[in-house]
Amino acid sequence: MTETAVKDIKELKVHGRTTICREPLTLFWTASGFECNVSGSELWVEVEVTYDTYEPWFSYTVNGDWIGRQMLLKGRYWIPLFRGMNPDKIKNVRFYKDLQAMSDDGSSYIHIHALRHDGSFYPVEDKKLRIEFIGDSITSGEGLFGAKEEEDWIPMFFSSLRDYAYLTAKELDADYRVFSQSGWGVYNTWDNNRKGAIPKYYKEICSLMPGEENERLGGKQPHDFSKWQPDIVVINLGTNDAASFDQPEWVDEKTGERHKMRKNPDGSYCEDDIAAFEHAVVDFLYTLRECNPKAHMIWCYGMLGIPFQMPILEGISMYRKESKDSGVSYLQLPNVNDMSVGSRQHPGALCHKQAAEVLVDYIRQLV
Amino acid sequence: MTETAVKDIKELKVHGRTTICREPLTLFWTASGFECNVSGSELWVEVEVTYDTYEPWFSYTVNGDWIGRQMLLKGRYWIPLFRGMNPDKIKNVRFYKDLQAMSDDGSSYIHIHALRHDGSFYPVEDKKLRIEFIGDSITSGEGLFGAKEEEDWIPMFFSSLRDYAYLTAKELDADYRVFSQSGWGVYNTWDNNRKGAIPKYYKEICSLMPGEENERLGGKQPHDFSKWQPDIVVINLGTNDAASFDQPEWVDEKTGERHKMRKNPDGSYCEDDIAAFEHAVVDFLYTLRECNPKAHMIWCYGMLGIPFQMPILEGISMYRKESKDSGVSYLQLPNVNDMSVGSRQHPGALCHKQAAEVLVDYIRQLV
Amino acid sequence: MTETAVKDIKELKVHGRTTICREPLTLFWTASGFECNVSGSELWVEVEVTYDTYEPWFSYTVNGDWIGRQMLLKGRYWIPLFRGMNPDKIKNVRFYKDLQAMSDDGSSYIHIHALRHDGSFYPVEDKKLRIEFIGDSITSGEGLFGAKEEEDWIPMFFSSLRDYAYLTAKELDADYRVFSQSGWGVYNTWDNNRKGAIPKYYKEICSLMPGEENERLGGKQPHDFSKWQPDIVVINLGTNDAASFDQPEWVDEKTGERHKMRKNPDGSYCEDDIAAFEHAVVDFLYTLRECNPKAHMIWCYGMLGIPFQMPILEGISMYRKESKDSGVSYLQLPNVNDMSVGSRQHPGALCHKQAAEVLVDYIRQLV
Amino acid sequence: MTETAVKDIKELKVHGRTTICREPLTLFWTASGFECNVSGSELWVEVEVTYDTYEPWFSYTVNGDWIGRQMLLKGRYWIPLFRGMNPDKIKNVRFYKDLQAMSDDGSSYIHIHALRHDGSFYPVEDKKLRIEFIGDSITSGEGLFGAKEEEDWIPMFFSSLRDYAYLTAKELDADYRVFSQSGWGVYNTWDNNRKGAIPKYYKEICSLMPGEENERLGGKQPHDFSKWQPDIVVINLGTNDAASFDQPEWVDEKTGERHKMRKNPDGSYCEDDIAAFEHAVVDFLYTLRECNPKAHMIWCYGMLGIPFQMPILEGISMYRKESKDSGVSYLQLPNVNDMSVGSRQHPGALCHKQAAEVLVDYIRQLV
């Protein structure tokens, strides 16, 4: 058995936005991880795990089929991925961070140090199609594990391996990345916090993680978009912006700053606030286009209903008219129902499967 | 056995837009017909059928379940609907015109003269929900019968009993009407004929049927909207408008008039023509609102793909802004695929079923 | 338009057991009928229909897809099957008797006299696989039409086009015949009538139809098995034999003869009566083997539960041991449930579809 | 956080056949494990794991929903099951051994020593229905993990949480136990080894595990059937007996003993060998009846085809006649196909789901 540091495995393919550091490789985002083609009978991974409140979980596949999923304890240690396999065959192994970048816990990270094995590594080819998924809890796979009655907001109920992003990429044989945060929106969070606006963090590697540890790890550095240009950018946002109209005002405890998306006395949306949201959509599309010059952008919406569809459509329409950029479209995804709901009132595995089918069908028409 | 003229059966419920005449009752539209609750062992219907080219078909249900479907010959004659049933039970019978109002054959009509029976008639209650479906060939049920390879444009391949309108109304326990014409759009037909614009005919009973016979039957009279106000208006149009951009110019043989929706050399839509379409959407929504003051309007699209989604959305958005009317929304329906296609490259029974599920789910949220 | 007598259309393919007479062609059994390949724009069929109580129905397909279904009135008349089709294409048309040979109505027949057309006839190839289905109401398609609450035992609720026999043959691209009678069994009927034993009638064309008319038509003549040898014989019997143990004694009003399958006081089956049933199974298998020397025989059971499975299995086992004939096997079919039930507490379309899938899978392993 | 030894948690429910020892609790069989109802925010389990070749895996559920699955390393250590949950709510946790008793590795065991927690334990009620599943690789869940192309016979591809036994018990809300061994049969193994006959080991706790360690752990002690009497015994055996007719002779390397189930030159089964199998079925049914006096026994077969159905049916029939015991029946389960296959040419998750549906439907009719 040989132990090889990640930096020395040139055949290792890294998934997800991260820094150039490989001593160790740091995993920030949902579905980030590594992939390798390896011979030998056995494979282990050396992880280093930190967190204060929200422990990370991981899942992994062997030859494309889901094998295991477990909670990660603090510390640096070895985890077995397979053993007893035919040593001559080359196995494809993919390690997935099951938990999103956790903006509420500045210490929550998985670092990959090394692999222990008795075989050799072989190159992993890049897929012909690349997709980036930008979203909220739905795209973070919240609610894909756990019984329907579960209400705890904990890592155990997040997963990267049953969600529509994984399923879409698998069906289309695409490489993919996820950029998502539960509860966040285009303009503010579900509870009216303007800091929780996805667009504010899009240009850095992972700047929504707070604190010095993220600084040290490089998460706040600019992201080099030239290294991985997606063909398709899927934006699945708006659900939390909609919710904020029905939530109390946000008050920043330190600054006293306040914010609230308002409804009129008759229950309709306040026009100024809708306008603010729509401009946020427009601005985000400009940002996305700047960073991804050739990508087709698909704004998706609907897995938790379509009550906020018109403001999203207005934003897209405004951007298209202003920019003369026809490379953005809108796609409604299937609504969750009693049969397809998961835990925490979120879309479950069946709803994600249905959403992936619609998205796959649509992307096939584009490419 | 008793023969009772339609005019004398006060319990008979008439479905679909028609005139006040009951000697006989004339059926114009897809899914128009009659419904009765009747005891006795046997029931026959006396029809009078006319056509030049396109013969009508009908289907019927007994107690809500589809029993028969047949081509109708010219002439006035009796057709048996059931016999040998338990005479004491009350049966619900619904007669459906399977064929759309056929604008290409000014003689194509079904008239209902009388019922022959050995029981009594009982009132048919009105449903609590009313839906009007406005559309093109999809809403006329084209392609719901016939093998996939069929290409003939004939009545045999149209049906009112497998389409999303029927399925949606059945699931929601709603009364419904259909206003549809194969090949037509909001602004022009699939082949650029501006006469084939659904909005031009919406205010009359059935003014798109040509000729003197329609005049005589009263199809060109104004429709009295006050008699049947829908709660929901579903508009499923745009597919043919989109197609017209790829079709040759329309030339009116008599007047020499010409019309064509144009594309730019780079393949994009000509802005002026798109603007004309969008204004047609806006105008139609005003018309619909005028005629149906309290209805929620749902513009549906997508059963044959969503390439023309943005212009539809623009039109809806313009109307909402101008009118301050929030009672219109947009709903994407499931796209047809290899599994769900019917004959004549049209959505098949599975696609209509999937569309009905999405529409039912959405309408349930509204009402 | 030309009218051609059936006897003069040498390309016409006749389905189902019948006599050699073609002036007219008489249809006895469920799914019997004719098939033709024909060019031209239009096709009509001239039928002659008789009945006292139970009127026949028919269905037909064009190019393999179900087009129409209707009740047949008494008399001799023309029925249109298609019109307006592309005259140059050859259409495959198949006419199906929807109703079983009706042993309760000695006058219930469809006769086919002629076809009216404006094209030419072309040969219909024989399929490579031939299947005979022998059964009771399930195989007669009882309950495949009509709402779940229907209880009338009338022709309207029988159909040959949604049943597992049709679906199995279609999926396997096989020619098939149906020999079935509602309420009948291997040894007696559901209500203990020993005349209602399918095996007693197997060797004649259609000897279970009573009366002089059947005599005249030739139904009581020996069937010439050499003309159509099946590769597979499916026997779906036993459900009514099982039911008879729970039904009152049968008393023949004329002869005073009595019969009853008995249960012991503890609810178990009377051994002598079970033995009688089992011997009837054995005898029937000998008969089937004699008539169909090369066929594989599949005894199917289960669409209405499997409470009587062991006696059937005993019978099969006894036959196999005695005869050393391994060409018979047993296949359990899917049980009906709340979702898959049709009218009259019979298996509905979904249950028949599931049964066909199991049978197709099994036959594919045999051939 | 408190650490409580298993022996001190009187509310802990133990699943699966095992000894009375609780210091520690030893897990022998597939799906054996423990279940607890516990409050508090966090739960850990202390395991002690041993093996030479085949490492055990485990899965666990929280509130009935599958949460994690992982390979178990050698040694004694703590594994976290959940953390961060609402401490006031009572969580139901079930730990499942994913791997069968591994007759090829006399050291492969999981022992449960203690639980670490910050809440209290509450009683776990017994279910009203109890089912024992006896089987081979299918019942051991072989092939339920892993890509279709996998061929390695390793623990990673076995699972207790996707198999028909788990699904059946879950749907029926039943307690259940599994007694199974991959490759084994009623009379001999797939490769003609007569030691691999399930009936030989049925009366002891787990006597098929070899070696001194099993002796020490008590696996060879008689099983006390009085403590847990099933209502239903499902026997899913015969697949390997059938296979052995097509495999080479077994030669015992030590004793030189030889055995082979033979086919005749014409491909039919050798009658003597079939008779031996059938008698083994009869004998096993007597044994099962002796141990489970009140249980209904269901012999299931068919997930890998039904080529060997008749010998199984003969055996059941012989037993029923000899014993006058009508408490045994036969049930055919759905056959695997291209869509439902898993890894190692075994039934996959879909096939197990379909099998569970059939079995649930049948058991509901019995109880």
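As written, the chain order gives the labels A, B, C and D, with residue 1 at the start of each chain.
The rule is simple: a residue touches a chain if its C-beta (ideal position, glycine included) is under 8 Å from a C-beta of that chain, and two chains touch if they have at least 3 such contacts.
Owing to the predicted nature of the structure, the values given are computational and were not obtained by experimental measurement.
Looking at the partners of subunit C and subunit D together, they share no chain. Each chain gets a centre from the mean of its Cα atoms; the one farthest from the centre of subunit C is A. Once the centre of each chain is set as its mean CA position, subunit B and subunit D turn out to be 58 Å apart. In terms of their C-alpha centroids, the spacing between subunit A and subunit D amounts to 39 Å. For this pair, subunit A with subunit C, the centres built from the Cα atoms lie 58 Å apart.
Residue positions of subunit B in touch with at least two other chains are not found.
If you check the complex, the residues on subunit B that touch subunit C are 53-55, 57, 62-71, 73, 80-86, 145-147, 149-152, 154-156, 343.
Per the touch definition, subunit A reaches subunit B in the complex via residues 268, 302, 305-307, 309-310, 313-314, 316-317, 320, 326, 329-332, 334-335, 337, 358, 361-362, 365.
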